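Have a look at this one before I ask anything.
We just call them A, B, C, D and E in the order they show up, numbering each chain from 1.
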Amino acid sequence: MLAFTIRRLSQSVVVLFVMSIIVFAGVYAIGNPVDILINPEADIAEQEETIRRLGLDKPIWTQYGLFLANALQGDLGNSFVHNLPALDIIFQRLPATLELAFLAVGLAVVFGVPLGMLAGLKPDSVVGRVIMTGSILGFSLPTFWVGLMLIMLFSVNMGWLPASGRGETVDLFGIPVSFLTLDGLSHLFLPAFNLALFKMSLVIRLARSGTREVLLQDYIKFARAKGVSDARIIGVHVLKNIMIPVVTVLGLELGSVIAFAVVTETVFAWPGIGKLLIDSISHLDRPVVVAYLLLTVTMFIVINFVVDILYSILDPRVRLGGAN
Amino acid sequence: MAAAVQDDGINPWRTFASDFAEKKLAVLGLIVFVALIAAAIFAPWITPQNPYDLNQIDFLDGRLEPGSVGSQITYWLGTDDQGRDLLSGIFYGLRTSLAVGAASTLIALVLGGALGLFAAYFGGRVDTLIMRIADLQLSFPAILIALILVSALGQGVDKVIISLVAVQWAYYARTIRGTALVERRKEYVEAATCLAISHRRIVFKHLMPNCTPPLIVVGTVQVAHAISLEATLSFLGIGVPITEPSLGLLIKNGFDYMLSGDYWVSFYPGLALLITIVSINLVGDQLRDVLNPRLKK
Amino acid sequence: MTQTVPTLQVENLQTQFFTKAGAVTAVNDVSFTVNRGEVLGLVGESGSGKSVTGFSILGLVDQPGRVTGGKILFKGEDLTQYTEKQYKQLRGSRISMVFQDPMMTLNPVLRIDTQMVEAIRAHENVSKAEALQRARDALGQVGIPSPEERLKSYPHQFSGGMRQRVAFAIALLNKPDLIIADEPTTALDVTIQAQILYETQKLCRETGTSLVWITHDLTVVAGLADTVCVMYAGKVVESGKVDDVLDNPKHPYTEGLIGSVPSRNKRGQPLTQIPGMTPSLFNLPKGCSFRERCQYASDACQQAPSISKCEDGRLVRCHRVEEALSHV
Amino acid sequence: ETLTMGMASEASSIDPHYHNLSPNNALRRHMFESLTNQDETQQLGPLLAESWKPISETAWEFNLRKGVKFHDGSDFTALDVVYSACRVPNVPNSPSNFVSFTSAISDFEIKDDHTLIVHTSEPTPLLPTYFANWGILSATANGVSGDIKYDKENCGLDAFPSTVDFNNGSASIGTGPYKFKEFVKGDRFVMEANANYWGGKPEWDEVIQKPITNAAARMAALLAGDVDFVDNPPTQDLAELKENPKFDVSQGLSNRVIYLHMDQFGPSTFGVKGTGKPDAQYEGEGPCATEACEKNPFLDVRVRQALSKAINRDAIVEKIMGGVAVPAGELLPQGFFGTNPGAKHEAYDPDGAKKLLAEAGYPNGFELVLGTPNDRYINDAKIAQVIAQMFTRIGVKTTVNAMTKSVFFKTRNTYEFSIYLAGWGAGTGEMSNPLRALVGTRNKETGLGGTNRGRYSNPSLDEKILTALATVDDAKREEILRTASREAMEDYSILPLHFEVTSWAHRKGLSHKARADQYTLATGVHKAN
Amino acid sequence: MSNQEQNSPVLEIRSLSKKFVKPLDFAGKIAQKLGSNIREEVVHAVDGVSLHVNKGEVVSLVGESGCGKSTLGRMVAGIMPPTSGEILYKGQNIASLTGEDAREVALKVQMIFQDPFASLNPRLRVRDIIGEAPLVHKLTTAAEQDDYLDDVMLRCGLDPSYKRRYPHQFSGGQRQRLGIARALAVQPDFIVCDEAVAALDVSIQAQILNLFIKLREDLDLTYLFISHDLGVVEHISDRIVIMYLGRVVESAPTEELFAKPNHPYTQALLREIPRLDARHADFTPIEGEIPSPLDPPQGCHFHPRCPFATDRCRQEVPQLKSVAPGHMSACHLNEG
C-alpha cells in the first residue's frame, strides 16, 4: 500500500510536470492573447504596452519558469481575461460540472446496470436485442448531436424543459447546487441525460458481457447446485462480479465525463468548467487553460487512485502494491 | 474437442464469415458500411455536383428545400446556405469523415500496434517507457487532448488526423501489448524458440497474427469513434476547414438553420453521420462477439 | 438382503442438446442404481456424457439442453416430474454436487462464510450464528485446520486442494443423501488427491451418504468405488461391481480402456491401444457406436446392441455378450 | 418586475476600467455613468455633465449635474471625476485599458464641486466623446476625500480598488440606474433598480443577464421562454421571428463595417499563385520575408478595383445576411460624422472586373487564399465563401481559409494573409476613427494604422487624417474627413462590404430601441405600454 | 536396455538453478526504506539440480505441481536461460556455443508440450507448423518440402493429406501428434516431453505413449520425460528423478525406485498413487500442503510434511547421496 502510494505520487508529479510543459507550449503555439483581448482601436504603442504589462514579451521559457515557480506556491496565475486567479475562476465553476458529471454517471449506473444485466440474462430475447440495439445507438450518437436533438425536441417543440443555463441553485455546505430545487432539476436533466447516454451504453455493454461471462462460470452453476435462489444468484453472485469492471471503467470514465462536459456544456450553455475551457481557449486565456488542465489531471489522478483502492475492495484478489 | 474430420477446403475465414453472418443486423451494418465506403470513394463520379468547385455552385441557390429544381440539377436533399447540393455535399462530407476516421485509425493502429508489440516482446525498460507514455495519454480523455492539439496545430484535415492519431495510438499499444503478453507465454511461441526460429520471425509471423483479432475489433470501433470525435471537434469549430466539410461540419453549419425551419441543412448530414457510425459499430460489435473465444461454446 | 429403496435409480435417462446444428443426444439410455452408503464410479472419456448425466440428475442441464426421456428416481421419487421449485428445495440439501475445477467453483468475490451460510439458509430458516456454526463444523469435517479464521477468507487465499475441500464442506452442509462429484480431483496433485479421497471415503463410511464419483481415471474408481459404470458416446456400455468389471471386462471398450492404463506388468511394452478416436456425437456411426474402433466388430454391430444382464448382475451393451448369453 | 436577457457574450469583469470591450462597456453603462453620453445613434449628449464647452484650444469646461448620488448615498462631485481618471491607468493586468480616452488629459482644475476644467496637452476635439467612454467611480466610497493632484501615474494615491472588488460587488458603486446584485461568472449577472436614481426610478426591479454564447441555444432559450430578450439572434431566424406573433425584433444599423483588406506592402505576397515572379526583393516582416512568394497583384489599383467590382454586395446582404445589413460604400454608414452624403457602394460588374484584370496583366486571373475568422462577425465565414464564389467567377480562383478568431488574429497580425475579411466598429462614431486605424500608415509615433494589417500607405491621406484629428472646429474637421474618406475609397485602399444591422429579439410586450454601437442595454428595453 | 553407449551422457546438467525475481521498483525501494514490509519476490524454481541422461535412455522427472519440472525442461530445451549452472550436450557447454554450432545443438534438443491447444499456432497451417523450421534451417528445400513432410507426418501417424488444415480442425490426440511431428522435423536426438500426455484421454494417451516408444526405437531418441503421473512414468522410463520444490530428492532406476523407495516423499508418493489393482483402498494421505515456492521452508523442503523429520531436517539442506549403485537420495535419515 505504501509502495503503491509512493508509486502513484511520483508518477503524478511526473505527469503534472509533463502536462504543464505540453499545455504551456501548446497554448503558446496557438497565438498571442493580446491579439484578441486588446481593443482593436488601440494603437501600436498601446498594443506593445499591453504585451509588456502581461509579461508576454518575455521568452517562453522565462514565462514557464515564472509560472512554475508560482505554481509550486499554489498560484497558477491570473486569468488574462478576467484578472482573477485562474484557480478561483475554475473552482467557482467546478461544482456545476461535478454536479452534472456525477448525475450523469449516476444515471448511467442506475439504468445501465439493470438493463445490461437483463440483456445479459436473456441475450436472445426481444428485450435483450432491443436493449443492445439501443446501446449501439447510444454508443454511436455523437454527444453534441444528441444534445441538439434533445433541445429541439424537449425544449423547442414540446417546451417541457429549459434549453440552457443552470436554473435556480441553493447552497449545500456553501456550494451552489441545482438538484435540490425543481427549477434547477429541470435545467439539470437534459444535459445530464445527454452526458449520461454514452456512458449508459458503455455500462450496458459492460454489464451485459460481464453477465454473460459470469453466467458461464462454474461458480454460478455451483451456486445453483447449492439451491441458492435465482434472485440471490443474480443480485449477489453476478452483480458483485460485474460491478468490478463497471466500477473500474466508470471510475476512469468519470474523467472523460468531465471532459465531455465540454461538449454538453457548450450545447446547453451550462456554466461549468467545460464551457470555461472552450471560452478560454478561444480567448487564449492561457492561465485558465493551463490551470484547468492541471486541475483535471490532478482530478484524474485522484480518481484513478480512488478507483484502484475501490477495485481492491471490490475484488479481493487484487492486492495493491505489487508492481503493475 | 469436437469433430476433427471436416472438409479439407474449410478455412478459418469461411467459419468466420458464417459466424459473422449469424446476426442479420450486423450483416446489414456491413452492407451499409460497404455501400458508404463506395459512395465516399466514388463521390466525384456519382454526385450530381462537385460542391468544392466554386464554378458549379451558386449561392443564389442557397437553402432550397429538398426536391427543388435548381438552375442545372434537382436538389433532392435541398441545398445549404452556399447553394451546394446537399446530397453531393453529404457524399463529399462522408469522404472527408471516412478518410479522417480511416486514416487516423490506420496510422494509429500501425504505430500503436508496433509499439505495443515491441513493448510486450522485449519487456523491461522499453516496455516501461512505452507503457508509461501510453498511460499518460490514456489518463487523459481523448476529447481534451484532441481539443488542445487541434487548437495548437491549427485547422486542417491533416492536423485533425494527427491529433486523432495522437489520441488513439495508446489504445492499440495497450490492446496489442495485453494480447501479446498472453500470446507470448503460449507454448507455440516456446516451440518456435526451441526450433531456433529468429526473433523477428517469431514476432511477425507467429505473434502478430495472433494479436490482431482484438486489434481489429478495437480498430473497427475506433473508426466510428474517430469519426464521431472529428465531428465533435468540427462542431466545436476547430475541426476540418470549411472548404472541405466533413459530416460534422455540415451539421454545425446547418444547425443555425434548424430552428428557422430549414431543417434539412443539418438533419440529413446528421442522419448520414448516424448511419455511418451505427453501421460501423454494428460490424464492430459482431466482430467482437465472433472473435471472442470465451463466448464460444 | 432387506429390500430398501435405493438412494438413486436412474432409468433409461436421455438428455439432448438442441443446438443449431441439430439435436445432440449427450446422454442416451443411461441406467444405474446407487444404494445408501454406496460409491458409484462413473467413468468414460472426455465427451462421453458423464457430466451431463450428473447435471441431469440435479436438473442443471445448460441451455439448450434438457432431459428428454427416462426416469430419475431419488428415494423413489421421480425427479423428472419435479417442478423448478421442488428442484430448488432438493439441490444442495438432499443432493449436492462438487465440480471439477476447484479454482472456479467458488465465487472469487464472496467470502467463504457468505458462500457457506447462503447454502444453509437457502433451505432452512436458521439464524446466521447457527449457520456459521454449522459451516465451521463442516470445514472441520473435511480436515481444514482453524476453520474459524478460514471462514473469513476469500477463495483466492486457499490452495486448490483446500478449495476443493471447501466445496466438499459446502456439499455436506445440509447432510445430503447423495453427493455427485464431477472429477473433483482431476486438477489436483497426487498427494492432495489422496487427501481428498481419504476424506471422502471417511465421510461416506461414517454418514452413509451415497456418492456418484465421476472420473476418467480408472485407477481412482478402482480404489474408491463399489460399483462402476462405463460410458461411451453417451451410453453406458458396461456396469457392475468394481472387481468384476475391472478384473474381467466384458465390453471391448472396457477391455481396451483397462489395457490402455499403463501399469507395472507391461513396462516398456506397447500398451493395448484402442485405435481411432472418440467419435463426435454429431456423427456417431450407425449401430454400435464403438463399432469402428472395435477389434471384434461384426456385421451384427450394424445394429445397435441392447443391454444384456450377465449372471453376476453385470449389465453389458454388446452383441458378443448378447450372443454368448443367448447360447447358454 | 424582472427582465431576463440572453446575451451572446459575457463581460469579462464588472470593473468599469478593466477591459475596453463591448460587453464590458455595455454592462458598465448600467452601473457607472460617464460625464457625457452617446445615444442610440452615437450622438453625443449630457449625462453626469450637463454641458461643456472648449475654453481654449487645449482646455474644456464641464458643468456637472447636481444632486446626483452614488449607490452608497454619497454625493457626486468633480473630485470623483478626477479620482476616476486617476484610476484608469492603474488597473493591474488589464488586457486593454481605457488610457487612450484619458491620455490626452494633462491636468484637472476643480473650480467648484460641480465645475471642472480639463486641460489637454494638444488640441483634442474628441475629448467630450472620449468622456463618454469611461465610467465614474466614487472617490469617497473608496476612502479618498482630500484633494487629488492629477498626474498620469497614480496621482499620489497608493491603492485603488481591485478588479476582484468589483466582481464581488464591494466596489461596484456608481451613479447608474442599476445596482450590482450578484455575479456568477458564466451563468448570470443580476442587477437591481437604483431607487434613488437621479433620472427617476428605473423600469425594471431586477435585470438578469445570462450569457448564452451559442446562437442556436440562445434562440432556443427565447423560444422556450427562458429569457425575455436576446441579442444577436441568428440572422436566418429573423424572418421567422418577425412573423411569430409571440415575438418581436428590433434592428438598427450599426457602426460596424465588414471589409476586405489586401496586402499592399511588398512586391510579393503570401498565398497568391499564378502571378509570376515578383518585381523586387521583399523587405519586411511576414512569411514572404523567408519564402519565395509570387508577385503581389494588389499593388495595382486595377486589381483592387476589379475585385471590388466582382463582389455582388446586394446579393450578399440579401441572401447571406437575410436583408439585415446595408451595402457599404464608405467605412461608416450614411449620416455619421465625416461621411460623404450620397456615397454609393461599388456596383456589381463582373465583366468590368474581368476587363480590369486583363488590363492589369492577369487575363487568366490568379489564385488567392481569402482569410476569415469563423466566429467573430455575423456570418463571417459564410460571406467569405460567397465572395470566393464571386472571385472565382471572374477568374480569380479563391480558397477560403476560415479559422477561429484567436488563430485568425494571430495569423493576420503576422501578415500571413494576402487578403482577409474583418470588421470594424467605430467607437467614436466619426470617420477619423476607421480611417486612422485601417488605412493610415502604420506608425508608432503618429498612432496611425493600428489595425492596418494590409499595410496600405498613402502619405497624403495620412496627412489629412492627422490634420482632422487636431482640428477642434467641427465643420472644418468634417470637411477634411470627407475628402480623406473619398480619397481612401477611390484608391481602393480597402474594400468595404456592408454595415451590419444589429438585431435584438424579445417577447411581445416589450419594446427596444436598437443601438448603432451594438450595445445591449437593459435601459433600452421598455414595457410596451 | 543396456548398451555400451549408456555411459556417455548425451545431456548433463550441473547444479542448474533458475530464479524468477520480481524486483522492487523505485517506489517499492523507497517504501521498503520507510519500513514497509514489502520485498523482492523470488521464486527459486530450480535449485541446484544436477542430473545426466545417457544416450537412448528415458529419464523421467516426477514431482508435484510447481516443483520446477517444466522450468528445468525449458532450460534444457534452450527456451529459457538458466540463472546459474551448466547444461552440457554431448560434453559441450551449451552456453559457450555461438552461431552455427549453437543452432545445431538447439535443434538437436527439442521439446513436446503439454497443452495440445496452446502449443500449436492457431493461425498457421499444418505444413507451416511442421515445415517452417526445416525450411528455415535448410534441412529441406521448398521443392522437397512436401515429401519431407509426408515422411514426418506418416511416422507420427498423421495422414499427409491434412497438410493444408489448421490446428483447430484436429482432435487432441492428433494435435499432440502434430507437436511431435514438428519436433521430429528438425531431426533431434534428444526430446523433452513436458507432460506430453497429461491432457489426453486414457485411450489416446496410450496411443501417444506407444508412439513415443516406437519413435525411440526407430530414431534412436533420448527422452527427458516430465510427468506427475507415476503410472505413466513407471511404464515408460528407465530411470526416475523425483523433484520436490525445485530440488532433486531422489533418483534411481525405475525398478529400484518402485521396489525400494528411499526418500520419505517418494515413499508417500508411491503409497498414494491409485492403482488399478488396489481395490477399496484405505487412503492415508501425507498431511499438509505443498509449501509456496515463494516462501520455501528452511532445511529440507519436505520436513514440514515428513513424519520422520528431525531438528537437523529443519535446518540443514540434505545433499543428494548415493544409497545404492545408481540410486541417489537426499535425506538426512540415511545417515543414521
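Here, contacts are C-beta pairs under 8 Å (C-beta built on N, C-alpha and C of every residue); 3 or more make two chains touch, one makes a residue touch a chain.
Source: prediction; values computed, not measured.
**Student:** Starting at chain C, how many touching-chain steps does it take at least to reach chain E?
**Tutor:** Step count on the best path from chain C to chain E: 1.
**Student:** If we look at chain A and chain D, which chains touch each of them?
**Tutor:** Expected: B.
**Student:** A-E versus B-E: which has more C-beta pairs touching?
**Tutor:** If we tally the contacting C-beta pairs, B-E comes out ahead.
**Student:** Of all chains present, which has the mean Cα position farthest from that of chain B?
**Tutor:** C
**Student:** From the centre of chain E, which other chain's Cα mean sits the farthest off?
**Tutor:** Taking each chain's C-alpha mean as its centre, the farthest from chain E is D.
**Student:** Between chain A and chain C, tell me the centre distance in angstrom, where each centre is the average of that chain's C-alpha atoms.
**Tutor:** 54
**Student:** Indicate the whole-number Å distance between the mean C-alpha point of chain A and the mean C-alpha point of chain B.
**Tutor:** Centres of chain A and chain B (C-alpha means) sit 24 Å apart.
**Student:** Would you pick out the residues of chain C that each touch at least 2 other chains?
**Tutor:** Answer for chain C, listing residues that touch two or more other chains: 46, 277.
**Student:** Residue numbers in chain D touching 2 or more other chains?
**Tutor:** 216, 220, 223, 375, 404, 407 - these are the residues of chain D that touch more than one other chain.
**Student:** Mark out which residues of chain E touch at least two other chains, giving numbers and ranges.
**Tutor:** 171-172, 174 - these are the residues of chain E that touch more than one other chain.
**Student:** Quick one: in the complex, what on chain D touches chain B?
**Tutor:** By the definition above, chain D touches chain B via 215-216, 219-220, 223, 234, 236-237, 239-240, 315, 319-320, 374-375, 381-382, 385-386, 388-389, 392-393, 397-404, 407.
**Student:** For chain A, which residues are in contact with chain E within the complex?
**Tutor:** Residues 1-4, 6-7, 10, 321-323 of chain A touch chain E in their complex.
**Student:** Taking the complex as given, what residues does chain B use to touch chain A?
**Tutor:** 25, 132, 136, 139-144, 147-149, 151-153, 224, 228, 231-232, 235-236, 248, 251, 255, 258-259, 266, 270, 273-274, 277-278, 280-282, 285, 294-295
**Student:** So in the complex, the part of chain C that touches chain E is made up of which residues?
**Tutor:** The touching residues are 45-46, 159, 161-162, 189-195, 197-198, 201, 216-220, 222-224, 226, 242-243, 246, 256-264, 266-268, 270-275, 277-278.
**Student:** Under the definition above, what is the set of chain A residues touching chain D in their complex?
**Tutor:** Touching chain D from chain A are residues 30-48, 50, 53-54, 78, 80-84, 89, 92-93, 96, 148, 151-152, 155-156, 159, 162-166, 176, 266-269, 271-272, 275-276, 279, 281-284.
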